[in-house]
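See below for the structure under consideration.
Order of writing sets the chain letters: A, B and C. Residues in each chain are counted from 1.
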């Protein structure tokens, strides 16, 4: 016990003495959560639209006005021929072009049928589908308007309720994801050099000839970073509740429990990297660059996991962030208790045991 | 069946007389046919020797002769391929943890924590070896006075000159009163006067019953040892007191002894 | 050696694996139905929804509370509640009502699921209207606007087309901007920098010697990227390769300038890596890759405008999909050149200060 305490004290000294790094560690998550919490939203807003209409009449103008006045779109250009469409997309002046057929209003009035063509820049396929969806909604509501008061008696009106996030606030979606991503990466990057640094500096030899037990070394490497990460978690929580206005709908204690478990898993992951590598550079690159893209793409933070090919779904199973983000969403946004995230807790606990065991196994007691 | 010898810490029994009473002395290090192979390469080839309590045992050899490997086996940092080793009464293969409790070690790479203060380093290693806070505090005060280090006590180790660091590293290595201390080229990169001062610390340690096992390639240091072994190509080619070795090889000093033996080496320096 | 292995394996792995991860297109949404009507109409509606291919019927619950339970236990993503008398009201010309509750915790999924469900219901409704109202009656008097949609540049809405250029940009940023920064700081920490500083080698030569290998590697890596895009994803640029390489060169200059600035300020490897990580995340998240820039608040739009990664992503996509040439991309070119000048000047100035 005395051994462990002395060693933990030493690790605290290392961290506290390096003020710059500590400031970076504390400020970085704060800036990130605020920036991303405010800036990221999957909503469509102010998309630039160009209109191609050969006639200038009431019906056309009414539709254009309806589109322009919606929050989704800004009509920014009127073009006069099909040849201009390509250029407008190429210069990124608009993302969607609405083409009214020739004699649009006449056709509508006399034949009861008229065509509008939507041409979307599908370089971003997701955006393109949302644009066309919103335009068709607007046009459908215009049609309702045309029918005037004579409502179709056979009309079915779906009443839509968005559960847990009725206003579809972007931060509700991104806070759990960003939290999961930055906690994992920062934790892993912190501990990944912890052991390999001692190897590189030569202090490892001294520790190995001493009666210091490997499990003590590992635990004492984790402890100060655990404290620091818990502090980071606390600041992120304060910011998301008071600044981003994302309340913790469920049990706060459960959230804390799952988060501390996750921090432990992330730190243990970094330590495993540290025991496996032989230079700080390698450890940093693996934990920083190597983890960033998989965590970002396979944690379900952005892209839904169910859509991925089966192999990627399997890979995502071993990404701790996936389980944590799911648990945070359940507790923080859906407002459910710990009993709803038992699976996540089980997986994260299992991961932490495996990571520590493998680190211990791989921790070389001898120099070879 | 552990071999734990009763040691009398207070008998600073050193000097010429020691040689004649070998059989009565406690053997602190025993190596029997100790061998280490890396693949087809035999780094250490069946070496056997014994070191008695309180002795300063010099371990000489050219670079690549296998001395660091041999020493690492004795410290439990590396496992022998065959042979047997007993350090401080414990078998190095089957009781490495007990060995570790009873030895001190100072590596050739300076290896205290540069971003910790002098006293923090001492406190850390005292703690690792299970000393109590009072013991640590008392001994730290003593040590600071002995080394004339009181002013440096609160300085970061990285800011000290190399000679200071080496003295401190040695003092930390014997801080917990180990039975044996292993020194791997402890005085690299400092001038002869600083080396001489360092050796005063070594003598002082042996006076307190600590056995010293030291590798070096400074021949002036070899002269300070009670006995010296010279390794060539993984084998011990000579083992005796410096005086006897000089007589045997008809050499003026240890350097000549070493030159004669090292010439036999077939291994290319790595 | 670790570094060379990493430099070549990393882009190949990333480009082979991760484009498949990216898709918002949702299939098999789990639907829980609360059918209080139990009528032929409600059956027909459910049938129509499940046969659309987008929805998987997980359960038919007796009431809303049970359905909500299955959302809580993640069995269902969306609830469709059909009220009693749904059929009766429709036939009696009183219109029909349906309640949809989507789990909005996964914003994308909830939103898209709701969209799909709405359009299936609208389609179903159309069928009913046509069935109930003979062609001669009111329907012909209701004017209909028909929409048809054309997706330009990426007709089949292929997400790989969208992700591959983005991933190439990320890789290039890491390898040419951040890797050299980290390795310079590493040398600083090891003390080998001191060696260089006392040698007669001018610093500029040292820095160039450090950077040029990464530039060359950058070109090799982007070429590997083009090859994988073509062989694996069948992506061939509509524009010219020379345009791509020209912008690659400018971009490499930009990010290695930024890397140098970072290396001048960081004193340990860990600091360097954290700063790199910070910028990388900022660049990626504010590049418009995941969420549209148009939807961001004004200040974030400004940040995005100063995001070199975003500009280069626009360039790669435009050249690949739209066949743009350098003149059409003049804005991006000027922006990237501006950044390059800015970062490299800063790097030189801060370097003098630190030495």
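The definition used in the following text is that contacts are C-beta pairs under 8 Å (C-beta built on N, C-alpha and C of every residue); 3 or more make two chains touch, one makes a residue touch a chain.
This one's a predicted model, so the numbers in the text were calculated from it and none came from an experiment.
Across the assembly, the mean Cα position most removed from that of subunit C is the one of B.
A simple rule picks the central chain: find each chain's mean C-alpha point, then take the one closest to the mean of all protein C-alpha atoms, which gives A. Subunit A and subunit B, compared by their mean Cα positions, are separated by 56 Å. Mean C-alpha positions place subunit A and subunit C at a centre distance of 11 Å. Note: centroid distance subunit B to subunit C, computed from Cα atoms, is 61 Å. In subunit A, the residues touching two or more other chains are 18.
Taken together, the subunit A residues at the contact with subunit B in this complex read 2-3, 5-7, 9-10, 13-14, 17-18, 201-203, 205-212, 365-368.
Interface of subunit A with subunit C (complex): residues 18, 20-21, 24-25, 28, 31-32, 35-36, 38-48, 85-86, 89-92, 95, 108-109, 112-129, 132-133, 135-136, 139-140, 142-143, 146-147, 150-166, 168, 170, 172-173, 181-182, 185-186, 189-190, 193, 277, 279-282, 284-285, 288-290, 292-294, 296-298, 300, 302-304, 306-309, 312, 315, 329-330, 333-334, 336, 340. Subunit B meets subunit A in the complex at residues 72, 75-79, 96-97, 100-101, 103, 105-107, 109-116, 120, 123-132, 182.
Chain contact summary for the complex, subunit C toward subunit A: residues 2-3, 6, 10, 14, 17-18, 20-28, 68, 71-74, 90, 93-111, 114-115, 117-119, 121-122, 124-125, 128-129, 132-133, 138, 140-155, 157-159, 161-162, 167, 170, 174, 178-179, 182-183, 186, 267-271, 273-278, 280-282, 284-286, 288, 290-292, 294-297, 300, 303, 314, 317-318, 321-322, 324, 328.
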